[in-house]
Every structure is written in structure tokens, then in C-alpha cells.
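Labels run A, B, C, D, E and F following the written order; every chain starts at residue 1.
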Amino acid sequence: MNPPMSLIEAPSLFSVDGLVGVVFLIMMAITVTGGIIACNSERLVRAVAGLIVCFVGVAGVYYFLNSPFVAMMQMLIYVGAVAVTISFAIMLAAPEEKMKIGTSSPLVGPFGFGTAALITGGLSVLAVRTEWPVMTKINDGSVKNIGIQLLTNFSMVFELISIVLLIAIIGALIIARAGRDS
Amino acid sequence: MSIFTLYNNLNTFLILGALLFGIGIYGIITRRTLIGMLIASELLLAGASINFMAFNRFTAPDPVVGQIFTLFIMAIAAAEAAIGLSIVIAVYSHFKSIDAEDTVQLKG
Amino acid sequence: MIIEKIKLAFQDLFPVAEPEVSAPEEKAEEPEETKTKKKVKTKKPPRLNGVIECNYTVHGYHLDVQVDADQLLDAVSIVDQAEFFIESITGVDWIKEDQIEIVYDFSRYDFDTCRVVIRTRVNRSSPVVPTITDIYAGANWHERETHDFFGIKFDGHPHLIPLLLPEDADFHPLLKDFKA
Amino acid sequence: MSSPIQLQPDETFVLNVGPQHPATHGVLRVKMEMNGEYIVNAETVIGYIHRMHEKMGENKTYPQYLMNLSRMDYLGAMGYSHGHVLVVEKASGIEVPERAEYIRAIMVELNRISSHLFWFGAFVMDLGGFSPLMYALQDREHILDMLEAVTGSRLTYCYFRFGGLYNDVDDEFVDAARRFIPRMRKSLIKYEKLVTGNIIFRKRLEGNALLSKETCRKYGATSAVARGSGINYDVRKNEPYSVYPEFDFDVPVYHEGDSLARYMVRMDEIEQSLRIIEQGLDKLPDGPIMPAKKPKLIKPPAGDYYQAVETARGNFGVRLVSDGTKIPYRLKLRSPTFSNMHLFDETCRGMMIMDALAFMGSLDLVIPEIDR
Amino acid sequence: MSLTLLNVIIAVVIAIAFAALNAAYLVWAERRGAARIQRRPGPNINGPFGLLQPPLDGIKLMAKQLIIPGGVDKILFIAAPVLAMFPAIMSFVTIPFSDTIVAKNMDVGILMIFAFASMGGMSLLFAGWSSRNKYAMMSSIRAVSQAVAYEIPMLITTITVVMIAGSMNLMEIVHQQSSSILHWNIFPLLGNSHNLLMPFSFLIFFVCTLAETNRAPFDLGEAESELVAGFHTEYGSMGFGLFFMGEYANIVIGSCMTTILFLGGWGCPFGLFPGVWWFLLKLYILIATIIWIRWTFPRTTIYGLLNLSWKILIPLSLFNLLFTAGLIKVF
Amino acid sequence: MVAYFSEIYNGLISLFIGMGVTFKEFFKPTVTVQYPYETLTMADKYRGHVELIENDEGKPNCVACGLCARACPSGCITLAGEKPEGAKKKVLTRYILDFTRCSLCGSCVESCNFNALEFSKEYNLASTRKEDFIFDLLQRLEERNK
């Protein structure tokens, strides 16, 4: 699955493999750009747009990780549900004047950037330095296997997740209702 | 190692995950509105999911577990978004603001 | 019959002896073809307040009530209690007598037909009458329109801005001395 | 359906519906203060095509003013001319030959059908259905063709004269009108199937914009607006004029007071008008269409005259104040839609915008007629 | 993987061509059809039967100035029409038109279509929001709440079909019902389940397709008598053109899905000569029905629409799901 | 529960009935006139703008009495005539119809006692210039005679 680096020939840009690589690079770029837009744009709606772009990129990355199923679920859930919910909240709750981000103190920006850079750098160094053990696969990770595992080994978690979702929906309804009545 | 074969390398994904995580952290710190923070936290979750998927693809023996975990994270994220946004709306209709600092007084 | 009822109700508004004064005038108006030419020439005495029962087939209404501006609300209340609906409000500019007449038309949804015209006259120099929007909500636009066309101020009207004329109109086109 | 919600004044915004908006059918403007989809407050702004017909009346002789009346309401012009002609005839004591009266009634009813048909199409189009408009226009076209062949024009007829008519009808017209009646009845069945029975249509209109009798009275609403609220009022029956007492017809009244009731009243009125036309054609007497002594100069004696007629849009009244000259001293035109439209501001509060616009459609607005 | 990716790229090009051609000529078909229903001739001047009308309209739209009104959020304003067209085109990639004509046969084909369909709602949202127009804003909120409400019964119904077929692969689903009309999922008398309620499933799915594609009687987004033109009020030129084409591309996708899930895809009703022509025939009959419906019915209200979804479609589809599950367990 | 299902059922039926109506209409022939390509013949009594009637000699019947100009509500007729020496009647020298103000009421034709005016049957008058609608009827009469 993960052959040693030396064995892979560097493909040229115009070969099929090269094209695939380019697509992957584009996906990465989309992801990071989307993330940056999501965290830096002044208007919240643009932030949501950035989030969507980022999630489409992440879905593409998942596709490269051999799991189209998760990639599609990513789009379906994040783009179709989460992003729409957030947009709704923006429209319902935030008048436009208040959507600008402003930092309460000028130090917050650099501080945030520093912390983020530290964490990113640390994690990356850790990731690269560590020797990850590679084990042989016991199945191909197809949708069918996911289904079987979900209903056997992970059935408890599956049920719990269902309950969590149910409670979340009911809770959300109650909170939003309470807010309206006041 | 060519730049075109990056997708065959575990480290690429791990660094990408770390990047997203870092962006999310930055967003959470700098954003003042609750919705902005929520968006940033979604990025954090995405970064974590990418790590799960990457290990799932490159190292784990059973390539199903990581996917299932990612699915669970998505479910949690959706639930979180729903709850978070209903809180935002409730807060807004109470304080007429979703700025986190305007809402520090937690009395009824 | 509703006409008698209304007529009686209206007569309470006027001090005694009014009906007798109005009666001969009604007679003077009725002969149609023959006396018209003479009548235009002779100067009519100003009509006194009071109720006149008109010939419906000629004039198209049953009761013609002329009141003072300060009696207007009472008069309109009478028709309101008798379940009349408001047809229209308009004005007539009697420039020779230096007066503006405001005419209120009322009618009923009933088969017991009765059309009532309530008039009031005000001076051209200070045309102010009380509004009836509190009694008939639908008088709102009619009064605004009359304000547009005649410059009559409806005292107490909630929103007396030009309706049909431009927002900044300060002219009153239906006055006889209006020249475009 | 549209229940009022709790409103917070700082969350409203002003939506400017008109003067150019597809639902207002002309240059009507409604300033709506909205909370989301709900209307908090509405203010109707009219007067964009105000032409001061009343002042024109004070500057033209009686015959010259005739054609103004058909410009008031471009859909039901006949009825408005009828009112004007009647009041002047009443004032100056002109006798109208019987044949002319019958033809007038037939023409007014035909015109009423054509007006209702156009309203029907436009109303369903307001609700988002496109084809009924075209079907309605097809039927209306038959009426317009008939009227054109007699009167010489399609919309602004200017057909009535003091004492009679401009043109006599011929057998061709009578035949065409007779052929039209069964055709229209068939079409009514088609509309019933296509629109009236349609569940989407009914769901939208049932319970939409309830008008009480009291509201109608306070605003002076007439026509289908009043009749949809259970008020049995039709000038043709309550204060019969012309030859209407000769005809056997019903006044459709519905008691629900919602938009569907107003719709049903108008659709039933088409059927009643067909009945009147049928009887009119049967009874149509021979004879002249103008009085033997054609009135050359019209000078009504001084006085105050009023005549109300039932037009397609309701109770249209003309007040004529004459000073005995050949020019009216004052001519007041009481337009029915003016009163009907006035209802809108108060009634649409708390409604959703799409319900409010459906309600506006059900009022059968013709803006030139409001603005005069 | 690498070869398939190239296939995908080629397929995308074909899909764009197919989508654009369909969109253009569906506009023509809609105008002609509407005209026939209303007893008019419709566009018949340019070319035989007015067939040159769509390209000429396209040229006209492209020749127009691209107006970006002041005060709009430019990036989102420009991105929205692209976003309207993009998911529809992407969805074409996985649709099997016949045994052989398919760009990329994915195991999760259904999911892919729904994933991209969910992006369509975002396009309306952004278009309406960025226009800075109150009508557009109201329209976009309507359109999204509508999309959310109708995605649920649509997904539940799709799951019912997936349960019957036992696969999320569109090819596989068609193969399941390929033998004869009795195997079609609209009335699966033969095959995995013997579910008599499937015609209702079909109706629910079809209604949801109408709602998801913002077609009459559910075209609340662009309800022209209320909201002027809804979310694309401020769009002119090709921005409008893209929305317009996106709408028709979405119709094609919706009808393709209906054909595949319920009408046996490219299968012939009597089991012989299956082929791409059967697929296209069914597809265009469905599209014609959609056009026919649009020119027959008035528009619903927003609450009527949500009531229909939450009070009728969702309970019925849930019941149908459980019923089907029971049937599959029994047989 | 029964009401719930019967409502759905009746609703569906009503929708199908409606679709049946439009389906039938689909196969009926079109009824419209393709405007610029087809034109209609107008009814005999159609009131277009006015034209002068000529007598046997090709001269207008009009005696320039001016009744029509006085009857016109909008004042769109201006005419002039002169009395040549020795002639009994006046002769029309100028007849201008300002069609931009005309409301096609027909008062002019009605008021004419000399059978000098008639309605034209022209209905598709269109122009972008105002001057095109100020007709010189005498000139039009001459053009017709050519």
C-alpha cells in the first residue's frame, strides 16, 4: 500500500499519473484556501462560502484516500446540512453590521497566529519525525465492509450516535423555541 | 520524491490535517462572533478527520475503522452545528447580538 | 321604512322649525323643465341646515341633510348606527358664495334602499371640518382625496398627505380658481 | 393560515412592492413593512396614473366628456359609460327608447363577462398558473370581436350616447352572442375543472384574507368583495335602473369572506350575466335606438344628481352638480375599486406576502380606475 | 485509478456538452410545449420550428453587458451562477445511460448525485444573499428551506429503492429491474420485494424532484408574481443564462434519477432490445410531464409546501420504508 | 385518519383532472394571429382615425364648417377653408388631424352633416416619431387618388 519512496518514479506532468498528482495538489490548495477564507473573511457569509470550498477540498482528499463513500458523505453532510444551517443562522441572527470581525485587543491576531503556527508546526514535525508502523490490510474498506462493521462491531456506537443526533435535534428545537418566546 | 506523487505519502495528509487544525485554532482565537467560532471549530474537526482517514489509508490494518470514525465525527459535527446554532439564535434573540463579548453576563 | 327612521333621527340634530324652512325650497326645485331658465337667473337664498326628503327618481338619493361642520360627527354617527356604508366623500366649490361644500354619500347594503347625502359648508378661506375616520375607517382615502382636490383640512385625520396628487403638491385642482 | 406572529419592531424592513411589480397589474405601489415573510404594516400609494378626470369634466361639454368614462376602466368600460349616461339622462329628462336600453344591458353584461374573464386569468396568474390566462383571453376575444363589430373599438368603446346608442346591433351580432353563450358555459366547466377544483388553488385561497361584513361596510366595499362576505348587495337588484328589473337573475352571495368566496362570486356572476344576455336577446324589441327628438344641446337643470350602477368592479357612482349650463359644474366619479383597495392596508397586516398578493388579486384592481 | 480519472475528465467535457445541449433545447421544448398548451405557436420564426431560437438566445445573452449592481458581494455574486451549473454537470458523470455509456460507474453513485445536488441549494442561497436585494434574499431563504424539507423524503424514498436493489450503484439498480416492466421499481411485482406501495414512492420521489429543482408548482424561489424573479432578480446576461441552464440541467438530472430508480433505466418494458434510446425516451417523457405540470398548476404557498413535505410526504415515505423493510425480511 | 387520506386522494384526483384539461388543449389548433406576418381585416364599423370622403370629382365633401373641430373633445382637428369667388360652398384648404391627441371617440364623424368624414380601417400605426402622427388628411386624400 505504501511502497518505499525510492521505488516511485517521478512521473512527468503530462502523464496520467502526473495529472492525478496535479488534481491532488489542486485539492490541497482548495482545502487550505477555503480554510483561510473561512477564518479570515470579514463577512460571515463569505466565511461559510470558504467553509464550503474547504469541505469540497477535504472531500477530494478523502477520495484520494480510497474512500469515495466518506468523500460523498462529507459533501452531503457538510455542504448540504452544516453549511446550510450556518447560513440560516447568519441570516436569522446577524444583522450585517455586526458581521465584521473585530479584535478586542490588537494582540489577539498575532497571538492567535502564533498559537496556530506553533501547533501546526509542532504537529507537522511530529508527524514527519515519527516512524509510523505499517500493517497489512485485512479487508478493502469498501462500503459493504463499512456497513457490516457498523452493524456488528460498532453497533453500540451507531446506536449512541443516533441517540445523540435525536437529542441534538430535540434540544436545538427547544433552545430555539425558548429564544423565540422571550 | 516528486511533487506529483504526494498523494501516496502519509506525511502529506498529516501536514494537511495539521494545517487545517492550525487554521481552526487561529479562527477560534480571533473570531469574536459565535458563528465564526463555530465555523472555525468545524475546521478543527475536519483536520482531525483527515488524520483519521490518512492513518486508515496508510497504516491501519482494518481500513474500515477510520472511515467509520470519520462518519461519526461528521454526525457529531452536524449535531454540534444544530445545537450551536440554536444557541446562537436564542442568544441573539435575547441579547440582540452574537458577539461573544456582549454575552458574558449570564444572568437571566 | 328606514327613510322615516333616519329622518327622525336627523331631525333631533336641528333645532325646531327647520323642516318648515326646507320644505318650500324643495318644492321650488322640483318642477323640472319649465322653471329652469328662470331659476338660474334668480338668486337663491342660502340654504339653511336641515333635512330634505328628495325625489329619488330625479336626484338619485332619498335624504339630503345639510349640517354645520361641528354637527358632522353626530350626523355621521346616526348613519353609522343605521348600518350605512360609506360611498364617497367629495367637495363642491361654490366660488360665488365663497364657500366649499363637502358632500358625504352613504348608502345601505339592504333592499330597504336609502341613500343619504350629508353636506356641510365651510368658508373657502378656512376650510376645516372634523374627520370621520374614527367612525368610518374607509373615509381615510376619500378625505385625503378631497384634501388633495380642494385643500380641505380634515381635523384629526391620521395621515393627511397627498393621495392622488404628487407628494409635494401644494395646489388644489378642483377649486374653480385653479388655473393649470 | 396566516397567523399573526410576535413581532419585534427592530427586525422589520420595508419592501417596496411596485410601482413596477408583476403582481400589482399596473402602477400601484405598496410600501410593506415586513418581518421576514410577514407583513407588519402596509401603506398603499396610489396616484401614479392620476389623470384628473373630474377636472376634465368641468371643462368639457357633456358629449365631449363621454369618451373619458371609457378611459377610466379599460376592462369594463361599458359600465362606466352607462353610469354617466344615466345620470345625465336623468338630470335632463331624456327618454331612452326601449331597444337602446336592452342593447345597453346586453353590452354591459358582455363587457362584464370580458372583464371578469380577464380578472380570472390575471388572478390565476398571480397565483402562478399561466395557462388559464390564455384560455380566458381566448373567450374574451370572442366578446371583444363582437363588441368591436358593433361599437368600433375593442376596449374604450364610447358606445353610449345621451338618449341612446352610437350604433344599432345587427343580426350578425345577435347570432354571435347566441353562439357565444353555450361556448362560454362550456368554458366555465373547463375553468371549474382546471382551476376551481384544483387542490393547490383551493388551499391557497381558503381562509385567505377574511373580510367581515363590518369591515366591508366601514370601507364601503361593493361588488364581489362585499358579496363574498355575505352581503347581498348589487345595485342592479337593490336600486334597479335601466331595464334590469325585466331580467330574471340571481346575485351570487358567499358567506365565507375569504378570497375563494370572492373568486366564486365572480365566476358565478359570469353565469348570471350569460342569463341576462340570453333573456335580453330573446326580449330585444325592435325600434329606434335614439329618441325621436335627438337631444342636440344637453343642459341639465341646476341641481344635484346621483346615479349608481353596478359595474364589473362594483358600485360606480356619478354625482353631477349642474348649474344649468352645457358644462357640468362638478362631476364626481365614485370608483368602486378605490374603496375596495382601501381595505388592503388594514387587512393584509400579519399576512404572508404571497397571501397578501393573492388577496390583492382577488380584489380585482384596475389601477386607472382607482386613480381616475 | 489514474485511468479512470482521465475518463472522468473526458466525461466531464461530454457531460457539459450534453447538459448544455439539453438545457438549451429544453428551453425551446418548454416554450413550444407551453405555447401548444395555451394554443399559441410558440417560437417558430428562427429556423425550422424555431429550432435556432436557443443558440440565438444564447448569443444574445452572451452579448449583453454583465451588470454587477453596486453594493453586491462581488465574489459570491459571480460564484453563485457557476455553482448552480457545476453540480448538475458533475452529476452527469455517474449517470449510466446504458450498459456501456457511463463516464464513471461508482459504487456510491446515488450518494454522489445527492452530494452534488446539495450544493445547488447553496448556489441559490449565495445568489440571493449576495444580490443585496430584499426580494432575492427572501427567495433564497425560501429556496433553501424548501430544499432542506424535500431532501428528507427524497432520501428516504431513495433508501427504499436502495434496499430493494441492495446496492447504491446506479448500474446495479438498473440491472436489478432490467428483465421486464414487472421488475421495475415503480411496481416491483417480481424481484426482491413485492411492494404494492411503490407507485406512491414514485410519486413522492417525483414531487420531490419538482421541489428540489424549483419547478412549478413549487417554484417559490422565483415566484414571479411575488418576488419579481427571486434569487436571480439582479442577474442579467450570462449570469442569468447559467441559472436558467442550471435549472434545466437539474431537471434532466432529476428525471434521470427517476428513470433509473423507478422506471428501469435503459430497460425495455417488455424485456427485449434494451438500450440508450429507451433511457432517453423515458427521460424525455418525464421532462415533458414536468413541463406539462408547470403550465397547468398554480403555485403553492411556502407553508403549503412545507406542510406537504412534513405532513404528507415524510410520514408516507417513512411508512413506506418500514413496510419495504418488513417485506424484504419476509420474502 | 380517513380525512387525511381522503384529502390526499381528492387532491391528487383534482390535479390529474387539471392535467387532463391541459392535455386536451395541447392537441387543439392554435388560435393566435402571427402579428407582423398576418393582418386582420377590420370590422365594418371599426373606428380608426378619420379620413376625408371624396365626391365624384375627387374633391373632399367637406365644406369646412368646423363642426368636427368643435365637437372634438381633445381639440385635435385644425382645418381651414376659403370661399373662392362665385362658389356657393367653402372649399377645404387644410385639414390637420393631430392623431397623438385623438382618442378615437368618433365625435367628429357623428357631428358631420355633410358626409365628409369616415373612419379608416388602419390599425397598425406605429412610429417612433411624433411627427408621423400629425396627418394632413387632404394630402392623404390626394395620395389615395393617385
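Simple rule for what comes next: a contact is a pair of C-beta atoms (placed from the backbone, for glycine too) under 8 Å apart; a residue touches a chain by one contact, two chains touch by 3 or more.
The structure presented is a predicted model; accordingly, all values stated were derived computationally and were not measured.
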{"item": "Intersection of the contact lists for chain C and chain E", "value": "D"}
Hypothetical removal of chain A, resulting connected chain groups: B | C, D, E, F
{"item": "Between chain E and chain D, distance of the C-alpha-averaged centres to the nearest whole Å", "value": "43"}
{"item": "Centroid spacing, where centroids are CA-atom means, of chain A and chain D in whole angstrom", "value": "62"}
{"item": "Inter-chain centre distance, chain B versus chain E - centres from mean C-alpha coordinates, in Å", "value": "32"}
{"item": "Inter-centroid spacing, chain B versus chain A (mean Cα positions, whole Å)", "value": "6"}
{"item": "Residues of chain A touching at least two other chains", "value": "17, 20, 69, 73-74, 81, 88, 180"}
{"item": "Where chain B touches two or more other chains, by residue", "value": "none"}
{"item": "Two or more partner chains touched - positions in chain E", "value": "37-40, 141, 295-297"}
{"item": "Pairs of chains, among all present, that meet the touch criterion", "value": "A-B, A-E, C-D, D-E, D-F, E-F"}
{"item": "Contacting residues of chain D [partner chain E, same complex]", "value": "1, 13, 15, 21-23, 34, 36-37, 124-131, 134-135, 138, 194-195, 198, 200-201, 203-204, 352-355, 357"}
{"item": "Partner chain D, residues of chain F touching it in the complex", "value": "10-12, 14-15, 17-18, 20-22, 25, 31, 42-47, 71-73, 103-107, 110, 119"}
{"item": "Contacting residues of chain C [partner chain D, same complex]", "value": "29, 32-33, 36-37, 39-40, 57-61, 64, 83-88, 90, 92-93, 103, 105, 107, 109-111, 113, 115, 117, 136-138, 140-142, 149, 162-166, 173-174"}
{"item": "Sites on chain D touched by chain C in the complex", "value": "46-47, 50, 52, 54-55, 58, 87, 90, 93, 216-221, 226, 231-233, 237-239, 301-308, 315, 317, 319, 321, 323-324, 329-330, 332, 334, 338-339, 342-343, 346, 371-372"}
{"item": "In the complex, chain A residues that touch chain E", "value": "16-17, 19-20, 23, 43, 45-46, 49, 52, 56, 59, 68-69, 72-76, 79-81, 83-84, 87-88, 91, 142-143"}
